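Please see the structure below; I have some questions.
Naming follows writing order (A, B, C, D, E and F), and every chain is counted from residue 1.
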Amino acid sequence: MKTVAVRNIERANTDTVEALGVLGVATVHEAQGRVGLLKPYMRPIYPRSRIGGSAVTVLAQPGDNWMLHVAIELCKPGDVLVVGCTTDNSDGMFGDLLATSCLARGVRGLIIDAGVRDVAELQDMGFPVWSKAVSAKGTVKNTLGAVNVPLVCAGQLISPGDVVVADDDGVVVVPRRNAESVRVSAQSREDNEASKRERLAAGELGLDMYNMRPRLEESGFIYLESVSDLED
Amino acid sequence: MKTVAVRNIERANTDTVEALGVLGVATVHEAQGRVGLLKPYMRPIYPRSRIGGSAVTVLAQPGDNWMLHVAIELCKPGDVLVVGCTTDNSDGMFGDLLATSCLARGVRGLIIDAGVRDVAELQDMGFPVWSKAVSAKGTVKNTLGAVNVPLVCAGQLISPGDVVVADDDGVVVVPRRNAESVRVSAQSREDNEASKRERLAAGELGLDMYNMRPRLEESGFIYLESVSDLED
Amino acid sequence: MKTVAVRNIERANTDTVEALGVLGVATVHEAQGRVGLLKPYMRPIYPRSRIGGSAVTVLAQPGDNWMLHVAIELCKPGDVLVVGCTTDNSDGMFGDLLATSCLARGVRGLIIDAGVRDVAELQDMGFPVWSKAVSAKGTVKNTLGAVNVPLVCAGQLISPGDVVVADDDGVVVVPRRNAESVRVSAQSREDNEASKRERLAAGELGLDMYNMRPRLEESGFIYLESVSDLED
Amino acid sequence: MKTVAVRNIERANTDTVEALGVLGVATVHEAQGRVGLLKPYMRPIYPRSRIGGSAVTVLAQPGDNWMLHVAIELCKPGDVLVVGCTTDNSDGMFGDLLATSCLARGVRGLIIDAGVRDVAELQDMGFPVWSKAVSAKGTVKNTLGAVNVPLVCAGQLISPGDVVVADDDGVVVVPRRNAESVRVSAQSREDNEASKRERLAAGELGLDMYNMRPRLEESGFIYLESVSDLED
Amino acid sequence: MKTVAVRNIERANTDTVEALGVLGVATVHEAQGRVGLLKPYMRPIYPRSRIGGSAVTVLAQPGDNWMLHVAIELCKPGDVLVVGCTTDNSDGMFGDLLATSCLARGVRGLIIDAGVRDVAELQDMGFPVWSKAVSAKGTVKNTLGAVNVPLVCAGQLISPGDVVVADDDGVVVVPRRNAESVRVSAQSREDNEASKRERLAAGELGLDMYNMRPRLEESGFIYLESVSDLED
Amino acid sequence: MKTVAVRNIERANTDTVEALGVLGVATVHEAQGRVGLLKPYMRPIYPRSRIGGSAVTVLAQPGDNWMLHVAIELCKPGDVLVVGCTTDNSDGMFGDLLATSCLARGVRGLIIDAGVRDVAELQDMGFPVWSKAVSAKGTVKNTLGAVNVPLVCAGQLISPGDVVVADDDGVVVVPRRNAESVRVSAQSREDNEASKRERLAAGELGLDMYNMRPRLEESGFIYLESVSDLED
C-alpha cells in the first residue's frame, strides 16, 4: 500500500451534493442505474438522519485508527468521512472525541466499514454514523494506512471527492463527475413518482399502471381459480 | 416451479385472525405447541407494531419483484403479504410505492425473507414490515415466480390463507384450520399468565410456583455454599 | 460439567459497582487496558439503558432455561443475570414472567448469549437486556446446567461476583478484585477527556493534541498535494 | 408439536430412487423446475459421495438426538435419514455408533440441518453425511420431537417418503409422487447435455448454440471496442 | 491487558497428553462432561491429523503476529501453539516460515482463532493447523499482546499448560490438573464403546440397548401407524 | 449500470502472468504491499490448484448468468473469468457445460463471488474455481449486466486485463500496469525466504533473526518467570 495522504481533492458542486442528500439513497441509487450501493450490513446508529457530502476517504488497518486523525485535518465543511479497512474488523475506531473534532470542522457524518463507539453520545451530538458494528473496543495508532486514495468500502469503490448519500435505507456513492447528471435524473424520477403514488393510492394496480398483464401472459404465466387446481 | 397465481384462497374467520394478532407472537407460538416461528433474523423495520392477518404468499426470484405486483391484486382487506425467495437475497423488493398500493387495498403488512427500502417513509405511512434486510437495491420484473402457493419463508412452511402474527418478538404462522383452536389455547394461556405474573411480582419464585425443587434434586443437582467448594 | 449452583458469592463494593455503571462501557473498557469486552453481537433490546451490577452467572443448555429459575433465587438487589450457553443458541430463554421475578428481587438487567422474548413488554417494565437475538421460541426445563460458576459469555470469561457494565456500546466485565482500581482509572480517564473535548471542539486537531506529526514522519508517511500525484 | 412417530410411510419405486441418485443433484434440480434444493450451507463431510434414497424424517430439539434413535427403527434399506431442528443448532447429534446402527439397517446416508461428529470414522465406514456443521458436542435424550412428519430442513419442505438426492453439489428433495416424472425429465435432460457438451468442446459458443445474440441486441446490449470507449 | 510473557509453565504428564491425543476430540469431550469444546468454526486446514499437546497461549492483536514470535521461544517439544485474538480477525498470522520454526522446536501444531496462510506448504510439511480462516493477508509486528496468560480462544478458556486435543471433529481443551482423570474416563469410555458398536452392527437398536422405550412412553410419545393418522 | 461488453482489453506480458501464478498468492500479496487480496470466503472447490491469468470481468445480476456466455467469447488462452455480482448471491451460475466451453478457449479458471455447481465434474476436468459457495441452483438469462468493465469482486477492485493469481491461500489481483514490477519484487522476496527458512529450520528464532528483542523491550514488554507472577 502507498502510505500517503492526499491534501487536496476535487469536490462536486455544493448545491448538487446538498440536493443529492435531500433526494435520498433509494432515489439516487435508481437514478444512476442501480450501482453504487454499499452492502446492506451498513446501518445507521440512530434513525432518521439523511446526509449528502463529499467523501474524504481513509484506508485503515484492523484495530488502528491513526489515519482518521490524519484525515480530519483534510476535511472541509460538507465532507463525509469514509473509512474502509484492509481486512474485516469491527473495532470501535471512532467515538465522541473524534466526533467533536469532526463537528468542529463541519464534517457531516461518518461511513465506516468497521465499528463505532459512544453511540448514545453521538446521537445526542447529532453526528450520524453508518457502520458495520457498534463496539467499545478502542484502537491503537501504530500502523500506517492511507488518506484520500480510492478504496473499496462495504463492496463499493469510492474515490476522494465522490458524493456519498446516506439515510435509513443505507449508503450510496455517486462518482464526482456524474453527480450533477445523477441529480437531474433523480429529481426527474422523484417528480415522476408523485403521480404514480397518487394513482396507486386511488386503488390503481401496478399491474395496470405498468401494463404488466400482456408480458405476464406472453411469459406463460397462468392464473388458477383455487389452490385445489394446483394439484392437477 | 409452477409459475402460477391462485386467485381465490380460503381465509380464517376474521375475528379469530384479529384476536391472534392481539395475543401476539410469543403467546400464540407457545399455544400451538412451539411450532411455526420464523427464523429470528426476521426483524421489524420499526418498533411497536403488532399485526395478525391472512397470508397471501409470493415466491419471488432473487432480485425480481414482479410477483409482488401480481399478488397485490389478489389481496383483500386484512391480508398480509408473505414473500419467500428461491434463494437467499437481500434486495429491496418493496418500497413506498408498493406500500401505497397495499394500503389502498387494506393490506396490513409485509413479511419478506429478503430486503425492503424506503423504511422511513413506510414508518411514516404506518405500514409495518418484517424483513431479513433493509436495502435500497431495486429489482427487475423479468422472471416468473408464483403467487398463493405453499412456500417456505424464513424456515417455516406457509400456505395461502394461513394466519400470520407479527410483533417485536418476530413472526409466527398458524395453519388456517388450526386458527380458532390456537386462539382458544392462546387466550387461556394469557389468562393463566396474569395470576403467575402477580405471584412472581409478589416475590414468589418460579422454583416454587412450578414446583421445580424435587425434580432438581432427583436429577442430581447439587447446591454448594461457596465458589471455593467448586475446587474439591 | 459440574451440575451445581453456588449459593453465596462475593460481590464488589456497592458504590464501586454503581460508579462503574455510570462511567459506562467505553470508558471502563479503556480504563482496564482494553480487555473484558463481550463480542459486539451483544446488543440492547431497547436504547438508552446503562447499568452496572454484580454477575450471577448461569450456564444453560441449548433450548433450556431451567437454570435461570435456579439463579433468580440466588440474586440480590443490584445483581445482573449473566447467561452463557454450552453451544450457540438463539432461543428465547427469558421473557416477561422471568423479568417480573427479577424485578421483584432487585435484579438490574440481563446479559444473555442467546435469545430473549416479550421485548416490548420488557421495555415497558424498564428491564434492560443485552442479547444475541430476539426470539419468541420458548424453552424446556429438562437438562441441568450450572449457576454461579465461571463461564465464557460472548467471548469473555465471567466469574460470579464480577462487575458487569452495559450500555448502548455493549457489555464489559470487570473482575471483582479489580473493580475499585478500574473505577479510579476510569474516573481519571473521564476527567481527562473533558479538557480534550474542549480543545477539539475549539478546532484543535488530534494530530497536534496527541503530537502525532513527528511519529508519522518517522514512519515514512508522505503527504501528496493532489490525487494525480498518486500515479507517479 | 405433535410428539409422534409414524411407523409406516410410502416410498417411491426403488428403481426410480436409484436412478435419481445416479442422475445427481444439479440435473434433478433442473429437471423438476429448479425447486427443492436445500440451502448451500449443507455440505458433505467428505467428497465424492452420491446417493438417492427415501426420506425418513426427524424433527429434533436443539442439543437433543433422542428422536434419531426412534427413527432408525423405522428405516428400511435404501432410506436416508433427514434431520431438521426446531431451532438453529450445530451440535453433533450423530456419530459413529449411530452410523453403525444405520449401516446395519441399510440406511444410505444422513442429511442433517445440525452437526455431526466422528467424521473421519464415518468416512472410513463409507457412511456419507451432508450437514451444517461438524461438532464433537454430544447431545442429550430429554425432549421429545417427532419422526416421519413433514418438516422444513435447510429451507425445504420434506415429507416422509420423499426422494432425497445428495452429492458434492448439495442436496435436493423430490416429492414422492413426482419422482418418476422427474426421473424421466432428468434422464432426457442428461441425454440432451451430451450433445451440447460435444459442441461446446469443439469450440461452439453458448451465444450461438442457444441463439442469444438477437435477444442481447433487442435488450439494448452494446459492444464497445475498447475500455476507453467506456468513458464517453 | 498485561503485556507480558510467562517463561515457565507447568505441563501435564507427557504420557497423559499423548494418550489424550490418541483418544480424540469426541471421546475426550464426552469423558470430561461435555465441556471444553472450541466453537465448530475451528476447522483443520487438511484432513486426518490428530494431535494432543500442551498449550502455549498467545493473545494477539488484530492484524499483528508479533506475539507469535515471542511464543515460539517458550515452546518445548510436544507443545501446541494456541492463539486467541482481542477481536475477531481473519488475517493470516502464521505461514510456512513460522511453521518451520515451530517444527524445529518440536511444536506439534497450531490452534488459531484467526487466519493462516501457505496452507498447501503446511500440509506438505506435516504441520497441522485448526483455524477460523485461510487468508494470505500478512500481519505487522507493532502492538504488544501477551504470551502464556489464560485467554479465551473460540469460546473456551485456555490456560497455559492445559492439554489441547484436535482432530477432524474440532478442538477440545482439558484443564491441566484434570488431564489424567479425563484420560482414565476417556479410555474407559472407549473400551465401553467397542461392545456397543458390535451390538449395533449386529442389528440391535439403540432404543433397546439404552432401554429408551419405557421413558418414551412415560413422556407421552405416541406411535401412529400411517401419515394419514397425523390429520386427526 | 452501462450494459455493455468491451471486446478488446490489454493484458500483461504472458511470461509475467505465468511467473506470478507460480509465485503464488501469499508471496505476490506481500510483494505488492499487502493490497489486492480478495476476501477469505473465496475458497477453491478442490485443493492444490495454482493459476495466474488475465482477468476477463463479468458483472452479473443475482440468479442470472447471461453475461457469462457473453464473456466467454471475449476470452483468450491464458485468461481467467472473474465474476462479480450486483448483490450477494450464491446461485450456481457456472457448471460443467460452461467449463467445457472455457477449456475449449484456453481459459485457466474461474473466480466467482457467487456459487458454482458440478464441482466433482469440474475437478475431473481439471478446471479450477474459487467461489463463495457451491450450489446446484441454476440461473436464468434475463437481465443484462456488463463484461470487461472494472468491478468489485469479493472486496477488491478488478479491471479487465488485471492479473489474477489464485491458489489454496485464496485470490489476489495485481493491476496490469504493476504486474512486472510486482513479479520482480515477489521473486526477490521468494529468493530471500529460502535463506530465512534454512536458518529457522536450524533452530534460530524469529526473535533473533528479525532482531525483535530491543523493540520489545523499548515497548515495555515484560517477561515473568511463572504464571504465579501474573497475580501480583
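Heads up, the rule we're going with is that a contact is a pair of C-beta atoms (placed from the backbone, for glycine too) under 8 Å apart; a residue touches a chain by one contact, two chains touch by 3 or more.
Please read these numbers as outputs of a predicted model, since none were measured by experiment.
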{"item": "Where chain A and chain E overlap in contact partners, by chain label", "value": "C, F"}
{"item": "Minimal step count in the chain contact network, chain A to chain D", "value": "2"}
{"item": "Whole-Å gap between the CA centroids of chain D and chain F", "value": "30"}
{"item": "Chain C residues counted as touching two or more neighbouring chains", "value": "2, 34, 86, 88, 90, 135, 137"}
{"item": "Pairwise chain contacts, counting only pairs that touch as defined", "value": "A-B, A-C, A-E, A-F, B-C, B-D, B-F, C-D, C-E, D-E, D-F, E-F"}
{"item": "Touching residues (chain side chain F, partner chain B) in the complex", "value": "61-64, 86-91, 135, 137, 140, 142-143"}
{"item": "Chain E to chain D touching residues, read off their complex", "value": "25-26, 29-30, 34, 37, 40, 43, 47-48, 167-170, 172, 193, 196-197, 200-203, 205-207, 210, 212, 216, 219-227, 229-230"}
{"item": "Residues of chain F that touch chain D when the two form their complex", "value": "2-10, 46, 66, 69-70, 72-73, 90, 92, 95-98, 100-101, 103-105, 115, 117-120, 133-138, 141, 144, 148-149, 159-161"}
{"item": "Chain D residues within the chain B interface of the complex", "value": "1-2, 33-35, 39, 86, 88, 150, 152, 155-157"}
